[in-house]
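There are two complexes below, and they share subunit A, which is joined by subunit B in the first and by subunit C in the second.
Right, the complex of A and B next:
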């Protein structure tokens, strides 16, 4: 109990609150898990289906991958919870820097 | 009791410093190692200037001149300026946020020893067959063609010291995010802490590109890969991009802490709150952000094409805006202040116009079309020495005088300090101002000699005279340091009398646990607020309790030593007929990973200073 933040003097209230919150979180996790399975299936179908060209499939799968990473971070690694502002800031800054580098290498080096 | 100073033998002191994890002692190590490399880089600079004092001079040969200028640049950036700044960050930042140490004391020590062994490795090249000679930028087509082991020393030395710097940066970030005293919100942090924070995040993002490119260079030179070899399908331009994606943030890693130091000094010696604190923070963060968008302005003449050049030119000029905000805020801090012209303040007053001139030539160089004229001339040399010396080195001198009492408990002599300032300031402008014109008159940079009668003789002569004045200034500060250390007159908490931030609320030097009780911070300039209300010290935010401290450790030294040994193996195994290279690599890495494993397996929980021991020395009068 020492590591958990109690918001009131009455432990009963907090347990009720936490139980409700855990149930809520579980629901989110199940939904996102189902969505992730679905997105994976979509990716397989996109590759298996003969009608799409590589120019569609590669960016499409990349977008699906990004969505999956977001699900993973926010619902399974609890980035949606409070107290993650600093990690978020640094992750996004790192992504921006990495993205700018990749854009640069793709556009102005191998011309 | 352990806090009472005892006379100890040289061996005990040495062992204490080899094993220390105390941020204040590590700051001393950074200061002395950085100072040593600063002197070394200064000697190299003097040799460069003596060679150029007259046309057709033969003081050094062309090859040795290349090694000198390469080692001057590399040493000054990686082994002098950055470690000295890391030293001041280590010494002051935890005190400013009211912390008892940095977040990872062990990593702090490891970071120092990695830097130190990397620097030593790099400089051993002088004795082992020649130093690197492809410039501090070490462009791939040039450095791949360089013979001997010079570039290998550069690559391996910087790789090792780069790991250390990266660790230092991460450590400071975690410390500032997690270990601020109660009440110390982000917008109450002193400016030096803010600039440390932004500079550390730049280290976090800028050093990986350097690590990657150095790795590729290492494989190209020592293990037969061809990342940069155009004839084998590589691309030599990749190195330039990687280097400058690192290199441009690197100059902000240097200048932002310098801005922080001067922001502290201006506020203290104008005896006013820093003007526009929130805009200063905003400008610092914005400079850090824009610093990643402008690296290609070092490569305008590489042939990126007009569109890329234009984008990077505009982004470059945008940086002038937040920097301008800072300059005006400093001026408004001075405006109407009750100014004391102490030595640190003199450096500050000298810094504003000097740095501004460097900034203005920066905007000139940032205009891509005009840059074709300035590129690779002494105009560029003048520009970056105006910002690095006029900004960073001035701040280092200022911080040395300003924080010396906090770090060592004794004041540097003010009179000698002012002599240092006058000599160095005049010498600096004499050396570098004329170099703008030398560049415009057509003198290329990195050239080892020039012919008479081309209008370059007088300018170079003047420049060399200035360099001697700067050297004289450095000698005076060394004399000053020795004199005051021998006298060792102890000073109190707040020797400047106008300290505003938390570090001045505790004794000089602070006890090894820093704060007996963590202080309660009630606003910006926390100590000043308490002083204005007539209080002697900070209000404690917690009752007196046991303080948890980490144990000293010799492991960081051994880990770094292992990499140092392995680096020799990596370098010499590429020689033809070499048989001992691979075993040495294995030995070195075994030492490194073995000591890591030993540390992981053995639990070290540190120790506690007990409440009763803390109550014994009742110098503070703070009762729980």
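Right, the complex of A and C next:
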């Protein structure tokens, strides 16, 4: 991927530019970390509070988990960056097969 | 660029993990592996969900008798934080700061070790306080297989990262080992992804009932 090497002909300028870009990305990652911690806290508090019914809490904490995993995959694992078409294909295929497996097991044993 | 070429900050490319053919192949291959791991863990989750609270007699502990919030919460926070520290390590890798990358990887390993210590304590507690052993019920087998498999992944990840840190300590960063560090950190994040579902599906949903 030669086009990723941003050459202005002056190595010092390139380093400065990339440093800034990396710092920018790091800032996004720290923000997503803060959000992940927040989502985790909400999930734990919702369960510890014991005031909600299971019919509300279970889908609620599952949604929080999915959101948190999206942060993890797209920011921490850089799936939002360019050149991640193959990872997306593999992960989405894996998720589809995994989801079908879970549905299958849960419906085949329902007592 | 030659993989083992001595690197300087000026020569260090923007995506060092994908500069060599080997690095590119590792990147694609490892994501394919992670897709497979997703299916593998999903089938363990499916088994757990199907067999949850299936015990042969009523004096055996169920999920809601076993799990306690403080311990699970501590473990979750430790593992989440270790995910951030490995992000920091990769940030320093991109900036060609080998010393700081190593430092953050060591911090990641220490956090992972404390997570593993707590998990061992937890399993030990279940076995001795509740008689909840691997063979006592379908529920316990499914539980230990799922959570234990994740724990084994953590142990493997720790050994992996530690091996990289020690082996490359005198070499410094180059295009030969940059993909290795990058892939190990991807693996570490994936362990965290699985844990997010474990603490939600196994522990929190277990406590809800």
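Methods note: the second predicted complex is superposed on the first by the 94 of 111 C-alpha atoms of A that agree within 3 Å, B and C clash if a C-alpha of one lies under 4 Å from a C-alpha of the other, contacts with A are read in each partner's own complex, and residues count from 1 in each chain.
Note that in this section contacts are C-beta pairs under 8 Å (C-beta built on N, C-alpha and C of every residue); 3 or more make two chains touch, one makes a residue touch a chain.
Remember, predicted model here, so these are calculated numbers, not experimental data.
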| item | value |
| --- | --- |
| Partner chain(s) touched by A:29 [first = subunit B, second = subunit C, both, neither] | second |
| Subunit B versus subunit C as contact partner of A:86, first or second or both or neither | both |
| Partner touching more residues of subunit A, whether subunit B or subunit C | C |
| Touching partner for A:105 - first (subunit B), second (subunit C), both, neither | both |
| Touching partner for A:61 - first (subunit B), second (subunit C), both, neither | second |
| Partner chain in contact with A:72 - subunit B first, subunit C second, else both or neither | second |
| Subunit A residues contacted in one complex by subunit B, in the other by subunit C | 86, 90, 93-94, 97, 101, 104-105, 108-109 |
| Subunit B - residues contacting subunit A, complex | 173, 177, 201, 204-205, 209, 235, 237-238, 241, 245, 292-293, 296, 304-305, 308 |
| List of subunit C residues in touch with subunit A within their complex | 9-10, 13-15, 18-19, 28, 31-32, 34-39, 41-43, 45-47, 49-51, 69, 73, 76-77, 80, 83-84, 87-88, 91, 94-95, 186, 189-190, 192-193, 196-197, 199-201, 204-205, 207-209 |
| In the complex with subunit B, residue positions of subunit A that touch it | 86, 90, 93-94, 96-97, 100-101, 104-105, 107-111 |
| Subunit C-facing residues of subunit A, complex | 1, 4-6, 11-12, 15, 18-19, 22, 25-26, 29-30, 33, 36-37, 40, 43-44, 47-48, 54, 57-58, 61-62, 64-65, 68-69, 72-73, 76-77, 83, 86-87, 90-91, 93-95, 97-99, 101-102, 104-106, 108-109 |
